[in-house]
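In the two complexes below, subunit A is the common chain; its partner is subunit B in one and subunit C in the other.
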Partner chain A sequence: MTEYLIRRLLQSLLVLFLITVVTFALIHAAPGGPMQIFLAPGLSQEAAKIQAHNMGLDQPLPIQYLRWLGGLLRGDLGYTFKNHLPVGEILWPTVWNTMVLMGTAWFLSLLVAIPWGIYNSTREYGFSDQLASILSYLGFAMPTFWFGIILQEFFALKLNLLPLSDMWTMGREGEIGDLILHLILPVTVLTLGFLAAYVKYSRSSMLEVLQQDYIRTARAKGLRERRVIFRHALRNALIPIITIIGLDLPYLVAGAALTESVFNWPGMGRLFVDMAVAREYSVLMAITLITAVIVIIGNLLADILYVLVDPRVQLGRKGGQSA
Partner chain B sequence: MRKAKKWAATLAVLLLAGAVAAGCGNSAPSSTGTPSSSQQGNATPQTGNGTAEKPVDGGTLTFSSFSDIVSVNPLFVQDTASGDIVYLIFANLYDLDRQGKIAAKPWSLAAELPQVSEDGKTYTIKLKENAKWSDGQPVTADDVVFTINTILNPETGSPLTNQFDKVESVNKLDDHTVQIKLKQVYAPFQYSLYNQIVPYHVLKDVKPKELQNHPFGKDPAKTVTNGAWKWSEWKQKQYLTFDANENYWGPKPHIQKIVMKIYADQNTEVQALLKGDTDLIQAIPVTQVEAVKARGNINVILAPGPQYEYISFNFDPKNFPDQFVPFASQKARQAIAYALNRQGMVDNVLKGTGTVMNAPFLPGSWADPGDAAVKYDYDPEKAKQLLKEDGWTPGPDGILQKDGHRFSFELQYNAGNSRREQVAAVIQQNLKDVGIEVTPKAIDFSSWIDQNVNPGKYPAILLAWSLTNPDPDQEQIFSSKYFPPKGQNTGWYKNPKLDELWVKGYSTIDQNERKKIYAEVAKEISTDLPYVFLYQYGQPEGLGPRVHFAEEDRPEPSLAYGYFYHIINWWVDNK
Partner chain C sequence: MKQTYLVEARRVKKYFPIKTGLLNRVVGHVKAVDDISFGIRSGETFGLVGESGCGKSTLGRVLLQLQKATDGDILFAGQNIRELDSRDIRRLRQEMQIIFQDPYGSLNPRFLVRDIIGEPLRVHLRASAKEVEERVVELMELVGLDASRRNRYPHEFSGGQRQRIGIARAIALHPRFIVADEAVSALDVSVQSQVLNLLMKLQKELGLTYLFIAHGLNVVRHISDRVGVMYLGKMVEVAPTEELFAHPLHPYTAALLSAIPRPTPHRKQQRIVLQGDVPSPANPPAGCRFHPRCPLAQERCRREEPLLQAVSGERQVACHFPLE
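For the complex of A and B:
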């Protein structure tokens, strides 16, 4: 297991390195650099040159990349071009804010979706199952921003029960009660989105397992249905669900640009959109890097959980399997 | 993300709209006069923010923006959000009156209008003796001299350089008097004095090339200012706060605290205005104006701002297939002007918040040429007649032909700008009606500016100029001295008569004389049409019910930053 982990980590580092190279090249290949966005057309050539030099944009690309990489190895994510602010100072608060929002929504949806999916698998096409289907269709089909606006219109503007947007009321930063009030609407929107997928997955995964021979055997042995479901079926049914969850982990930091925009949540998704338009390369690189790290962690976690859940997967003997 | 592509596009559009304003905003080295409010008609508040009640001191005004600031160091401001803040926390040397003339107001640093010498080359500025910085130090002639010299130093890289490039020297006569000598007579220079100054005592030891990255302008604690409010806090991408400056020397503002809240886009801003989370938004999307008005308690100010939209023709044959410029002749361009239903665009696309233009001077400004400019009323028959006279005959596909060339060209604009998208479609239809084929093409804003607009490589573009400086001089846009890459005459337009008139315009000090010269410019340019001038446009400002001001202190949308006009005299309900 340890050997496996070390190998996976080394592979991951290589993958990360390649991702940064490719991203760096792609970002710079996009036409219209920060100079175009930022400089006044009337600025003299001389002044433009000085500004480019101040931003470090007059260096060849490989040098710019190495500088960036060098900074990264020292834990320095660089500075914004426009106003020379440290990237970390802008980025880390938004990462945290996004995780608060997405984490809550994700946790809630798992909490509801997995038991509900399991329940529905035992009562196929029952009322609860039909309801879940309808909700799933809604969750998939309804644009998140539209649903968000409807909720705002009703609960914030008409009824005046909940805050319209933002993470905190100004002057009440840090008060947990205030945060919860602000979380309700965006979490509702996001949870519905997650829920739609997870209920379906857990139901179908469970149904598949329930048709296996060993379940029939278990039932034939005269085991109680409760025991069949929870002891025999559930562990196996969880495996594909874990895969999905692992793969979805990056959404926790990166997936909510639209919801964040509608609810004016100061998160990373919104930051990415802003910074892409402004061609703030160092912020974009940092966000890509964080997302990549989380994708890798997500995959790794999923693999480790397999081992814990699935008796058929054993690492170390033949070098392990990866998902 | 996939189901939300359209929204993302909308979002990008709004952000781009900001970039457009920034991109062609402060930059216009040349500028255009300002419409006077009396001629704007509906600039007057309609639902009663303008009131005769007695002002109340205290309270918080919240306004919103959909982009964060970059830096509020006045030497480097190039975007609207930062400009808004500079307007609140710095006093100007001179301010503007509603007609766009420079004025020494009670809150201006200058005590009186500048004295201009006989030969028109020396400006003497007298400062108010009681003006102070927020750290208590006096504002002196040293600050003015330092500011102008720093702007002129190319190492600084200040975007204001071209506003001051006619300056030969700047000298302190005494602690409160500054003398500026120009290299030549240059009338628009008076508007360069409508600017802020930076504190000499804080920045004197900073190397010019390090100024841009200096904390002054980014760290509230290190940004020493001299306006009615001072900067207290910056929570990046969320909000900025400002408190009344206890060292303020001018008339005390009624509003104690100002908050600028940053929203993701204009739609979110509108929601916040309706909820009361913000009291002032600078731009309500035209499609939402009716819905906002229907709520009853929001004051929507509908009046076009200091910006105009145009079609620019390119005269460089290299930009066309077969090296053939279809609109090379004056008659063809006039025909295009007649064929376009510009009033229709104002009524339908801008929902009335606009005024048709025939010359590059804003309607109602002091340089407005009125009837001197040729008017092109919507008249497709006349357009067809002109095209016929110009030798164009209908081809087999209904498109006009001349010497084996079809009258067909590409019209570029920035992707995602829904106003331009709609206007481009109207242009396409209008011109098709007279036998001209237009292919609208939307391109990502920054690539477009980089690869087509700035180098002058396009057949025709649909774009706008935003004019922060109310002087009518626009030599750098239309004179053949300013071809790309160094200038903004990106259509490679050459007209010796106009070249000469622009020079004459800025070399004359007397405003009445200048007005006559710009009337001549208007006549020539509206006859020759390097651009088809479309309309002055603007975005409706929204004011919440908490904001109050006397009638004479109402916002002035025709000026840059006019949504804050006389904000020092406004007050808010203390609820």
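For the complex of A and C:
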């Protein structure tokens, strides 16, 4: 297990390195650049050159990359072009804001989806199951920005019940009640999206397990149906659900760019969109890096949880056990 | 002849609806078990044979109320168990148990062997942890397993050992009746005989009654006192084992027996090879269900369905023209 973890960590570092190289190249390959944005009209060629030199943009790309990498290794994420602010100062608050938003939506959707999926699996094609299906289709099919705008139009503008956007009302920063009011609409949008997937996953995972022979064995033992479902079936059905949850973990931090933009939520998703428009390379690199780290952690976590929940899985062994 | 049976089926039917289309209309029924009556005496082993899909397993599960019968009565120790509610059926599981075919799929991979075997004790007898532990050790030793491995998961055991786990689980509550549903079919031949011998040993020691479902005729001959032959949801012949093997009455039984390979190459045996496939149980042939494939079919077989009738002594056959 330890050996496996060490190997995985080394692999992860390599993956991270490659991701930064590719991202760096891609960002610089995009047309336009900071120079075009910051050049004041009428600035002379000479002045522009000095400007580019000061920003380090006159260097060849590999050198620029190595400089960035060197800074990273010293814990320096770089500065923005525009105001010369340290990237961390801009970034960390948005990470926290995103986690508040996404964490709430994610937790709520799991809280509803898993029990609901289990219930539906025991009453396949019943009313509740059909309702979940319809809701899932809606959740998958509706563009989040569209759904968000509809909610704003109705609950904020027409009924004036909830705040239109942002995270706090001006002057009420830090009040938990104010935060909750601001959370309701974006959380609704995001929860529906998560719920659509999770309710379907947990239902189908349960249905698959309920058809297994060992469930018939459990019934033959004369167990109550409740015990069959929760003791015998659920333990097995949770295995694939855990994988999906682990793989979705990056959403918690990376945020939902569209929803955050619609609701003007000061999170990392919106920051990414804004910074992409402003060509703030160092911020984009930092966000990509954080997202990549979380993806890797999420995968690793899913693999470790796998071992904990499924005795047949052993990490670091080639080929699975005969199941 | 009036007989007392431990388990008795009276005109039992099990139909599975076939649903199609948008509205799940029922367009027909698969008649897996169609009007079967027979009984199993206390302490005997009743072998049930027939081709795949003839309804043997369904009959076994219906007898145990693991699947609800569509019609008919099932008597256990004189009590009609089709009328019981779910709580009484759960209680009845102490008396009647099943050993499943697939030793890989039928054990929950997330449960320790200790819990697989011990769970019935905990649930039905509310035994304490210590009592359960003792009984699990006792049961594992009884079925020839190393009891020190009780804190392992099923995947750490071989096929034969897993089947022994299934047996230990089935006998944990001292049942009287056990359905062995193809209990050895999934095992290697050498392991098959070990498990068969174990089943026979347990029968002697615990006074068990078996319904032994199989398609390997040699296995059935080895273990059964009486044998029932099924074809397409019907019982076509019931007889004491040796009489059946020595002298089959139903043409289908004769065809089945002729298919057993025999280690006597010099004696050229006549093999009766049946023509055609088994008809669909959703739409069985009129008259005798076997008539399209029967080498001896006559006009009457096409029109009139033969009933299972006593012929001589303990023998019953459903055929208009039984073999001499």
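Keep in mind that, in the parts below, the second predicted complex is superposed on the first by the 312 of 323 C-alpha atoms of A that agree within 3 Å, B and C clash if a C-alpha of one lies under 4 Å from a C-alpha of the other, contacts with A are read in each partner's own complex, and residues count from 1 in each chain.
Assume contacts are C-beta pairs under 8 Å (C-beta built on N, C-alpha and C of every residue); 3 or more make two chains touch, one makes a residue touch a chain.
These numbers come from a predicted model, not from an experiment.
A.B. asks: Taking subunit A as the common reference, can subunit B and subunit C both be placed on it without clashing, or not? Answer clash or fit.
C.D. replies: fit
A.B. asks: By the touch definition at the top of the document, which applies to A:Ser261: first (subunit B), second (subunit C), both, or neither?
C.D. replies: first
A.B. asks: A:Ala156 in the overlay: touching subunit B, subunit C, both, or neither? Say first, second, both or neither.
C.D. replies: A:Ala156 sits against subunit B, while subunit C stays out of touch.
A.B. asks: Contacts for A:Ser12 in the overlay, against subunit B (first) and subunit C (second): which applies, first, second, both or neither?
C.D. replies: In the superposed model, A:Ser12 contacts neither subunit B nor subunit C.
A.B. asks: Could you look at A:Arg270 and tell me whether it touches subunit B, subunit C, both or neither (first, second, both, neither)?
C.D. replies: first
A.B. asks: Could you say whether A:Glu89 touches subunit B, subunit C, both of them, or neither, answering first, second, both or neither?
C.D. replies: Once the two structures are laid over each other on A, A:Glu89 reaches subunit B alone.
A.B. asks: On the chain A superposition, what angle, as a multiple of 10 degrees, is formed at subunit A by the C-alpha centres of subunit B and subunit C?
C.D. replies: Reported to the nearest 10, the angle reads 150 degrees.
A.B. asks: Report the partner of subunit A that touches more of its residues: subunit B or subunit C.
C.D. replies: When the residues of subunit A touched by each partner are counted, B comes out ahead.
A.B. asks: Regarding the shared-chain residue A:Thr188, is it in contact with subunit B (first), subunit C (second), both, or neither?
C.D. replies: Neither partner.
A.B. asks: Quick check: superposed on A, how many Å separate the nearest Cα atoms of subunit B and subunit C?
C.D. replies: 29
A.B. asks: For subunit A, which residues lie in the overlap of the subunit B contacts and the subunit C contacts?
C.D. replies: Shared contact residues on subunit A (touching subunit B in one complex, subunit C in the other): none at all.
A.B. asks: Please name which positions on subunit C make contact with subunit A in the complex.
C.D. replies: Result: residues 64, 66, 89-94, 97-98, 100, 102, 104-111, 119-120, 123-124, 153, 155, 166, 169 of subunit C touch subunit A.
A.B. asks: Which subunit B residues qualify as touching subunit A in the complex?
C.D. replies: The contact residues of subunit B facing subunit A are 1, 3-4, 7-8, 11-12, 15-16, 19, 23-24, 26-29, 67-68, 70-71, 78, 154-159, 161-162, 209, 212-213, 217-218, 236-239, 259, 263-265, 267-268, 271-272, 274-275, 277, 444-451, 454, 476, 485-486, 488.
A.B. asks: Given the complex with subunit B, which residues does subunit A contribute to the contact?
C.D. replies: Those residues of subunit A that touch subunit B are 30-33, 36-48, 50-51, 54, 82-85, 89-90, 93-94, 140-141, 143-145, 149, 152, 156-157, 164-166, 170, 255, 257-258, 260-262, 264, 266, 270-271, 273-274, 277, 279.
A.B. asks: Where on subunit A does subunit C make contact in their complex?
C.D. replies: 212-214, 216-224, 227, 232, 235-236, 309-312, 321-323
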